[in-house]
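Labels run A, B, C, D, E and F following the written order; every chain starts at residue 1.
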Amino acid sequence: MIQQLNRIIGTALEEDIHTGDITTLALQLGARRISGILKAKEEMTVCGVQVAERVLATVDKDLLFSPDCADGHTLPAGGIIARFSGDAQLLLQGERVALNLLQRMSGVATLTARYVSAVQGTKARIVDTRKTTPGLRVLEKYAVRVGGGSNHRTGLYDGVLIKENHIAAAGGITEAIRRTRSYIPHTLKIEIETESLAQVKEALAAGADIIMLDNMAIPLMQEAVELINGRALVEASGGVNLDTVRAIAETGVDIISVGALTHSAPAMDISMLLEAE
Amino acid sequence: MIQQLNRIIGTALEEDIHTGDITTLALQLGARRISGILKAKEEMTVCGVQVAERVLATVDKDLLFSPDCADGHTLPAGGIIARFSGDAQLLLQGERVALNLLQRMSGVATLTARYVSAVQGTKARIVDTRKTTPGLRVLEKYAVRVGGGSNHRTGLYDGVLIKENHIAAAGGITEAIRRTRSYIPHTLKIEIETESLAQVKEALAAGADIIMLDNMAIPLMQEAVELINGRALVEASGGVNLDTVRAIAETGVDIISVGALTHSAPAMDISMLLEAE
Amino acid sequence: MIQQLNRIIGTALEEDIHTGDITTLALQLGARRISGILKAKEEMTVCGVQVAERVLATVDKDLLFSPDCADGHTLPAGGIIARFSGDAQLLLQGERVALNLLQRMSGVATLTARYVSAVQGTKARIVDTRKTTPGLRVLEKYAVRVGGGSNHRTGLYDGVLIKENHIAAAGGITEAIRRTRSYIPHTLKIEIETESLAQVKEALAAGADIIMLDNMAIPLMQEAVELINGRALVEASGGVNLDTVRAIAETGVDIISVGALTHSAPAMDISMLLEAE
Amino acid sequence: MIQQLNRIIGTALEEDIHTGDITTLALQLGARRISGILKAKEEMTVCGVQVAERVLATVDKDLLFSPDCADGHTLPAGGIIARFSGDAQLLLQGERVALNLLQRMSGVATLTARYVSAVQGTKARIVDTRKTTPGLRVLEKYAVRVGGGSNHRTGLYDGVLIKENHIAAAGGITEAIRRTRSYIPHTLKIEIETESLAQVKEALAAGADIIMLDNMAIPLMQEAVELINGRALVEASGGVNLDTVRAIAETGVDIISVGALTHSAPAMDISMLLEAE
Amino acid sequence: MIQQLNRIIGTALEEDIHTGDITTLALQLGARRISGILKAKEEMTVCGVQVAERVLATVDKDLLFSPDCADGHTLPAGGIIARFSGDAQLLLQGERVALNLLQRMSGVATLTARYVSAVQGTKARIVDTRKTTPGLRVLEKYAVRVGGGSNHRTGLYDGVLIKENHIAAAGGITEAIRRTRSYIPHTLKIEIETESLAQVKEALAAGADIIMLDNMAIPLMQEAVELINGRALVEASGGVNLDTVRAIAETGVDIISVGALTHSAPAMDISMLLEAE
Amino acid sequence: MIQQLNRIIGTALEEDIHTGDITTLALQLGARRISGILKAKEEMTVCGVQVAERVLATVDKDLLFSPDCADGHTLPAGGIIARFSGDAQLLLQGERVALNLLQRMSGVATLTARYVSAVQGTKARIVDTRKTTPGLRVLEKYAVRVGGGSNHRTGLYDGVLIKENHIAAAGGITEAIRRTRSYIPHTLKIEIETESLAQVKEALAAGADIIMLDNMAIPLMQEAVELINGRALVEASGGVNLDTVRAIAETGVDIISVGALTHSAPAMDISMLLEAE
């Protein structure tokens, strides 16, 4: 994950600074020590403190950085996330990138925490999807965990999900599962998408490890859960939002996947306040 | 921009596919032609059609792709964005990345269009900020233009914005502008942040090209606009949302910068429907 | 996998050619069409035909290449793998890299096929390990599949294997499995290493999906298999060679992992014969 | 060579760890100091000690590492290569890559040492070829030197070797050498491949610096060496193995090139033993 | 700029050292401390001292480096630029790259200083162009500033220059400026190329911020400056050399752009003297 | 060399275009076919025609390009180098990079041709040095060959040059040559720097293949050549310019190395003329 993180930070700093911060260069201020804080301007589940530190330490090798809270902590509006000090010109160059990452990660963690809270008391896990921001998946999946959720597969390469199109092309659920079992590492489970009770039954009979109930109405979902009866993990998918998630969880599904966690979480409002020492 | 776009698409596909789409590999389906459509599931200003095409063409060299609308078009729910055909296995590998980019870009364009519409009839330009998704700035700034907005500087390297911290460090507005003028390429304007009428006056006297009114209340902003009276461009910044933007525009400012355009635009709902030929 | 393959081929060609093939440059021969064959000089399970083609096509865009056999085919000594034609100077530049990859991949596939053949009739799967050539894992794991084997996890990121050190640090098998289950994606199974029947029992009770029998003597392995009795997959590991693999398979284990498949497979002898057209 | 080494290690770690060591992450063990040894499990010429150290230091910045022997040392089975201590989780992440490189490099050095020993007392140098593992050439050529061998040219760019195909295309040995001499840097020698005494004579007359005797039978090789009589360096190539190498050396050739040194050296058996401090 | 600098130095060292400094490796000297100086062998405006330091520090982490003068200083022949000490073998590997950069940057700064001196007392700024060495633009533009000049736009992306071909394609100066104004960030000025007084007038009327007088004879240039009369910045371009630059400046233009600053500045003669400690 | 060329062109285009040619984007001209010529504005040895074509073809995949002369051709002022046609906007984006490379390479070739011409009739070869433009060495060394010169080693990795510092550290010429011979590939010669006849004698006795006469006065050089008398190649180095090179050549040295070929060749004046079709 270090290599991905370094790529993300390197790309983001290059994108913002490129040939140099022309304003700072023009002012020719010389080295000047400054201290600052990162401050939550609304209530949030904080996420990305070490990422923000790494951004600032990338631009200022002599950064001093002291977090006031760890990732996963819930801060009220006005709460302090971290305190730091360093060179004024360098910190001004890293400020925006640090905030852009911290605000986005805290946004994902905060929204996840709301979903997790909504299903409290049920056995359902809230999990993410592959609907992540291109290039930032590793950070967003981390933020989902920080918010109390769990991760679905990382990408196409580390998990099997047999969808409608695959089933049709392979000539049916049974054959699709058979081929997959004989091919994949024994360390992976097989998940398959179903849209009817008939499909659920066929998937169970074929030995699916995980059965996804795709866009099913609550009563049908309920029936499917009862039918499966613990013989496979059950994942609900589609049409999940904060209004519907509790009812879905109460059907007894094991997993609820929510695209919005990563594709539509608004950034949290966080500011960096600087003050000459 | 081609190099940035190739980097974004390459990173996103690697992130999702890495060592291979294990489900597709396991099913061993062989080449199979499929056709598909990209469909808007809610009303939106479409953005990213060529980006989506490029993603799919990256995974399937023999893709046929025919857009039904161009970037900037407003589609109703159910509207078709593009039609295409290609190899089933390859398109399934590119689907998620294509959608992730298209949904995000359309989200930014759609939100921008709402801001632009809110200030219609005034002379104010809606512009973006540097609060963009790390790694995707070039696409998000494009989406802002597609939505009818304009761009602020791309990064720290291609525009001057003298902020409060700079002013303090340089010893005042006049000195800051003097140093900057003597340093920067003659092709760039100087923008400076102000928080009071006194600062506005000093900036004007020092020859600022653009004066940013930072977090000013509407009446103060109004006064500042009248004071400046066309001798510099005026940019309003801070506290801008869809409820406040019209009143801000009516003060006569030239430019209104809005961070939310890029940091909090929810993804538009778009689906890819595939069907064997 | 395309991106990894392109990296491997690009690195290998750069490593060999760098600033240019000085012999060819010195001779200043001009374009000259040549045809050639790839020929097996000993019996082998061929693997890497498309990789070799891709190498040659990278140096000569106008390559014509026609395979005589597909990956997985068993060729006798003297058998022809492929025929091709192209520019003499360009093919001479790609020859060594194409052969280096083809010979190595065929070496892995051939050795794997011998192990697979040795356990024929039992239910045991031959699988690889992470003891691969640095930088070439994706090709070597492919070669194992071509030779009739199966893959273990690709790396540390896509499969769980709790080893002795992990168990000690976590405070025991039960606790290690509990923590892991609550963390990992629901799409992954949990494999745990055991060295005694007591550990096997604890792992079973804790719900391990896969139990690795590490360096156990055959009779102990037999006992473990009977104890597990289908409630988890069983993997034998350690001390596996062509002399011992059959006896191990006959204990009834599901999976036998063999490091030698990738770390010590000798290259197959393959030559490229060129002839002016 | 530092840049190549960093590329090799970076690629290998990314290949194995990618988005993270999921087992270690799941167990959430926190920092924990551990010490370990690298131990030879069979007799070998050790090679790659500093490379292994660099791998471990890449994952654990605070590694303490103390070699018990230098590259080139011959260790008996059970001999200790190095001792080290560091963070348990980090070292477990680097273990496999460190061993994969160390085992492979020691394999090449050990096999080379056997060839060198076989020709002891003759004047023949054992040299490698371009039949190296794609991406690892720089390490394998180093291992050949550590094993007491010498290097042939690194690639196509830093040495001239005129082969049969080149000669035919250039219109003969004399013309090929003439063209080459006028083109190449004066710092490089010219080597040419010959298959008969007639070719040897022509090469000598044309001023070849090095004459390769390609796949010649021993008596013919003997004759060629006598004919050349010190007027050029003589390299024997083709059909070299541990059974034939002594007889070849005794013909009086200066250099014997051996592909097997790098393409078929089995990995040495080395283990990393870890123990909580 | 750090990322560009690292790219330049990394590329240059790789280009020179690649698989290793074979002379140094062959001599097997072991660590040996040496001290050295960088010495100007002709009069020059020094530029690149920190770049040279960074090159040497890249090859020798324990370098001690102490500059005798800062960038922009004018040194006589024989003047000392810097003193340093470090490991002999490592410094010999970095010597050529350090000198190649330092000599080139000092060449650009020295030539710029001559142009700046030639226009002293006028208001004209000497600026560079995009006629820079591919890959080194950021360093050469820095050297121009060090020599007392100013920079034109960095590239096509951070400044607008509407040329003859653009005007023709857009249908005239007025339309070209109109379109550009509505598109570009408000932070950028518009520069347009003119070849006649008629064009100058149209450009002024259309609101051009900067008017380039392209290859105009001195009297025409004079007339244009008077016509513009401060309503736009005026840039002279074309046919500028040390013989003509003063007369051009005396027409009253604001800016004179000179391609030769970067495309034809001869390297300054600088040597590195080393001495064992 | 293709990979280096692609790196150079990619870097140069990214450096110039980055996020986009803002002038062209602003004008929104649409596709428009244009034709153009590359024209020599002074007499020159043309070099880089295919490089310029590759730059333009990189920005415009549909470029038509037809050279009027090959690299190495001497063109008078006004001579046409090539004709081409393509899309106006794309060609405008590639113009500067194509010219920057073509002008520089032609500058090196032209200056080399002058040196070669100055020594005509003698046996001396004009060769380059490692004093090349960082990042462009491969192109500049090619331009030296095009101008009729030859190349010295490419870098530290593919040739041996034992200098004063090496000799001192190794304990003398004899020992330095002995160590080197036993280490380096048999394909490389050994070159050693000498400053006196005594050193020349020792080098000869120790079996140096090439003896460099470093900064020797003409009479001393003459004596050295006679002393060596064909037993080693002789290279003159230091203090070479167009005024001195003939006298140096007439001493009978084999090779004269000239740093100025690459570090101080002024760019040739070449323009690109475009015209709408």
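Please note the rule applied: contacts are C-beta pairs under 8 Å (C-beta built on N, C-alpha and C of every residue); 3 or more make two chains touch, one makes a residue touch a chain.
Note that the structure is predicted; figures quoted are calculated from it, not measured.
Novice: Moving only to chains each one touches, count the minimum steps from chain B until you reach chain F.
Specialist: 1
Novice: By that same contact rule, can you tell me which chains touch chain C and chain F alike?
Specialist: Touches both chain C and chain F: B, D.
Novice: How many angstrom lie between the centres of chain E and chain F, each centre taken as the mean Cα position?
Specialist: Whole-Å distance between the two chain centres: 22.
Novice: Which whole number of Å gives the spacing of the CA centres of chain A and chain F?
Specialist: Computed from C-alpha means, the inter-chain centre distance equals 53 Å.
Novice: Please list all residues of chain A that touch 2 or more other chains.
Specialist: 17-20, 138, 154, 157-161, 183, 188
Novice: Name the touching chain pairs, please: which are they?
Specialist: A-B, A-C, A-D, A-E, B-C, B-E, B-F, C-D, C-F, D-E, D-F, E-F
Novice: Using the touch definition from the top, list the residues of chain C that touch chain D in their complex.
Specialist: Those residues of chain C that touch chain D are 7-9, 11-12, 15-29, 32, 34, 88, 92-93, 96-97, 99-101, 103-104, 107, 130-138, 155-163, 165-166, 168-170, 176, 179-180, 183-184, 188, 263-264, 266-267, 274, 276.
Novice: Give every residue of chain C touching chain F within the complex, in rising order.
Specialist: Those residues of chain C that touch chain F are 10, 13-14, 17, 19-20.
Novice: Which of the residues in chain B end up touching chain E in this complex?
Specialist: 125, 127, 145, 150-154, 157-161, 183, 185-189, 191, 210, 233, 235, 254-255
Novice: Where on chain A is chain D touching in the complex?
Specialist: By the definition above, chain A touches chain D via 1, 3-4, 138, 154.
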